[in-house]
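Shared chain: chain A. Partners: chain B in the first complex, chain C in the second.
Entry: the complex of A and B
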């Protein structure tokens, strides 16, 4: 019992990283129906940008901004320059998955060529520990939780209370109908890539802030939990991804405390399977599953 | 029409027959230069164990450099070719098959590592490819594969050495933090049996899933078991995350790692994560004892440092026992070819034992050049390598002593050793 309470606290940190990454991932899919399996590698690329920033003597806060900006710009360019032309030529959902896998390999090997298969660490002050209600956090972890809370709040405000949010939801539900209703879906899709890309970059930087040492495969190794979060919450559902992140994050840490840590992911995925058996569409999904990629 | 087709077929048949004839004569003729003999560097160059490959390059390239400078093997130059296994049997098996199919002058390989050995050793053995493996898996302790050769100690031996070193330091309660990969897990059984046999208790022993974003819950569980020391073998990212979280939550404990933790990527990643002072104070790594001294090492190191154009930052491998043994592996193969008067692996494989085992009247040589000269003079040789003497047993395994090292100010400093006799005493 005395290891479970701290484990829940640790789970909150993992959930925070997963929430940012998962919401970005599911937002991309929700609006464009492109299952971007290069997402983890873009996270890694953003982490390298942050590494360059901190190595140049700037603060980790600026590195967070730089990573998010890189993720945003890179994602928009990736969609405009590569994904959209494929979609316009009639590439379907499965074909686009293959394209994203190709991008993943290209980005990963590009990073490998540049980084030389070494491990890197962001240059930032050594954190101190803080005890809260039987749980132990470092100042970095508290910052990660705070960043996640702020990011989720901003996403909530965006989706619920702005015209852009409504347009994104409309485009996600039916891009043709949205276009006929006068919504500039091209612009909405660009903005969706920009926002989700920023979340992707942000997630990459906070991931490597947490793990302390990273390499060219760090982000891609994190992709499976991200996909699990998105699927658990209902693919395309940002709120579902937030909930999914909490479930997966806390479950894995508690499982590691109680059971064999080798199986921490297994326990999380067993829960995922059980939930999907009960609700195949995920916890919060309202979107029809018969959509095609939007351009 | 039928006539035209028949004529065309006849022309093609004649042309291909001529091509075959031409090819055959050029292969056996004396006018064309002998082919370059290829040594495959069959190890991970990408993936979590990407550090293994460059370490191998640090041994292969200096050996090839010296062999070629001395005129090669029976007129053949030699070269090292990287074959990336990605540390995954799913990638390693096709990589092995491709290497065997395409490298027609392949005379041997360095590797495979523990990541892919179980899947690829049978393939290489069936194809009659001598392999100087860097896997430590105990599954090969009694192998009968004729082309399997191991000059680095098996993992189970490593477990004995770690247990003895911890016992000598007075530790009686230990946690075993090993990755859930086959290589790391193969260390654990002998570590546990040896440490408990010496009166200690393993208070935590659970495999770690690698490259997770957090190990805080595992840290809490370990701390609840109150160990005095942590035995470990995990990859650099996992090591950095785990130890930095241990430091943040509790403060570090003494850590005894395997040779994986004495590799540059691990040292740098963890050093950055926990700080140089903590690293110097709490960490020790065990690796095969290969003192950086003596004529064989001097020859290796000079060649290594002169290979800057092919080996990035060559100095980092100067004291690396694995780089030394890869260097020795290439030299042994080359000398075995000379002893057998053949570059055919099926012929020279049996001479690997002959050029390394000690014996009365044998000439001890510490370099390829010396061995080549001695063999040319009709002498029998015993090659003593940069990593020390090599004595294969009937299962083609050669085991030596271990050294303990610390990482201080960017240098790996030797702090003590566990002798082969100590290991033999506890492993009975």
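Entry: the complex of A and C
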């Protein structure tokens, strides 16, 4: 028991990072219909931006903002400059996946070429530890959880109560119908890239806040649990992704405490396979059935 | 020609053979049947591993001087390990396609395949008892080496011949599939799933068949590679390698067996070999990183300017049947 309770604490931290990353990923795919496999590498790039900001002597909070801003701008430019032109040229779904993998390789190896395969860590004030109900958190981890809660709340408010959120959900459900109803879908898609890109950048920075060192592959290695979270919640379902993040985050950390930390990803994958076999449309299936996930 | 050059050229030819076999397998899945198998390299790795353990003989415990552990070692004579590799590649493909191809929409399938690839590497590296962990296997005996009794360079050329013979067999297989009514049906499924299903074609079964055949061919290509380099380790079968094959298929001409052969010559061979002759510059790893950037850029450039590749798939026209036109002529 004394290993499991602290593991749940770690799980909450992992779930917070996964929630931000997973909601961004699923929103991106849901609204824009592009499966952006360069997502993990954009996270890494944002982490490097944050590293530059903290190395220049600025605070970690500014680094978070800078990372999110970078993710946002980079994603919008990537879509405008590369993805949309390819879609307009008639590249189909499979082609687009290959385009995003090409971007992923270019970004990752570009970072490798610039960084020279070294390990980096953010310069942060030394955190103190806090005991809550048998779980131990560092102040950094508490901040991560708080950031995730606030971000999820904002996403909820955005999707539920704003016109933009409604337009996004409409575009995700049926882009042609949305356009015919007078929604400026191009602008909605731009904003979807901006918002999901900001989440991506934010996730990249908090991911490296939580680890002692990061390298050019940190973000892309994190892509497995992100995909697991998105699929678990039903692709394109932000609320599903939040729930998926909790499930995957806590189970992987508890499993790591019981078995072997090397198997975190394997546990995430096993959950993924079980869900795909039992409910290919994701756990929140009522809203997901319309997108006919299963063949 | 000096011996060193002969060694180099024969080695490149063998690599070319392996890559050509592999892209034929991938082309069957991606080019002909439209399946996006981002775990392709795993089937190749599984075949390679099978061939390696079936050639190595039973694992020696460490107390008796054994330095590597693995499952199911045996001393099988030459062609059997390669055939077994194809079988294992096919069985693994059957298993994976049973979960993915049968049940999932194609974008999900692509994602799950990518995850399969990443996870398989992680398991192979961490589960030391299975494939000897990150060290992999080494000292796999070369096929027929004791039998033919040639000089090292003679054996190199002998292996080139062996690879070429296997290439011919695999080409015959893919040619039979793609030029037969089966190939036509597979292309129909790729181009218009609903129409093919409406004409009574078993869409899922056909897709699984293409996936399994691709798995068999991937396994064989891996076996040839491992019999040649006589070592195997999980680190050399990562998912970017799959991307190199995808790039080869796209550059060569997706759906065209001869096209993808040219693609294999251009991308994995000419392109990645050419950098050997560049002078070293920058910190270690820089050239590798730049190589990957260029491969990524190459895929983007071809998808933009020549999405049908160097040698495009032949457009098949069937006179005087409008329905057939709809099935096979709508690929744009």
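Keep this in mind: the second predicted complex is superposed on the first by the 284 of 295 C-alpha atoms of A that agree within 3 Å, B and C clash if a C-alpha of one lies under 4 Å from a C-alpha of the other, contacts with A are read in each partner's own complex, and residues count from 1 in each chain.
We adopt the following convention: a residue touches a chain if its C-beta (ideal position, glycine included) is under 8 Å from a C-beta of that chain, and two chains touch if they have at least 3 such contacts.
Keep in mind that what you see is a predicted model, and the values were worked out from it rather than measured.
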item	value
Partners on chain A (chain B, chain C) - clash or fit	clash
Partner chain in contact with A:55 - chain B first, chain C second, else both or neither	neither
First, second, both or neither for A:90, with chain B first and chain C second	second
Which of chain B and chain C A:262 touches, first, second, both or neither	both
Touched partner set for A:117, first chain B, second chain C, both or neither	both
Which superposed partner A:101 touches (first chain B, second chain C, both, neither)	second
Which superposed partner A:218 touches (first chain B, second chain C, both, neither)	first
Which of chain B and chain C A:127 touches, first, second, both or neither	first
First (chain B), second (chain C), both or neither touched by A:13	first
Which of chain B and chain C A:162 touches, first, second, both or neither	neither
Shared contact residues on chain A - chain B and chain C	109, 112, 116-117, 260, 262-263, 265
Chain C-touching residues of chain A, taken from the complex the two chains share	35, 37, 82, 86, 89-91, 93-95, 97-99, 101-106, 108-110, 112-113, 116-117, 223-224, 227-228, 231, 235, 260, 262-263, 265-266, 269, 272-273, 276-277, 280, 292-295
For the chain C and chain A complex, residues of the former touching the latter	30, 34, 36, 38, 99-100, 102-108, 110-112, 114-116, 118-119, 122-123, 126, 204, 240, 243, 246, 250, 282-286, 288-290, 292-293, 295-297, 299-300, 303-304, 307, 332
Residue ranges of chain B in contact with chain A within the complex	45-48, 50-51, 53-54, 180, 206-209, 211-218, 220-221, 224, 236-237, 239-241, 244, 248-249, 265, 268-270, 272-273, 275, 312
Residue ranges of chain A touching chain B (in the complex, touch as defined)	2-3, 6-7, 10, 13-14, 17, 109, 112, 116-119, 121, 126-127, 129, 136, 138, 207, 210-215, 217-218, 221-222, 252-254, 256-257, 260-265
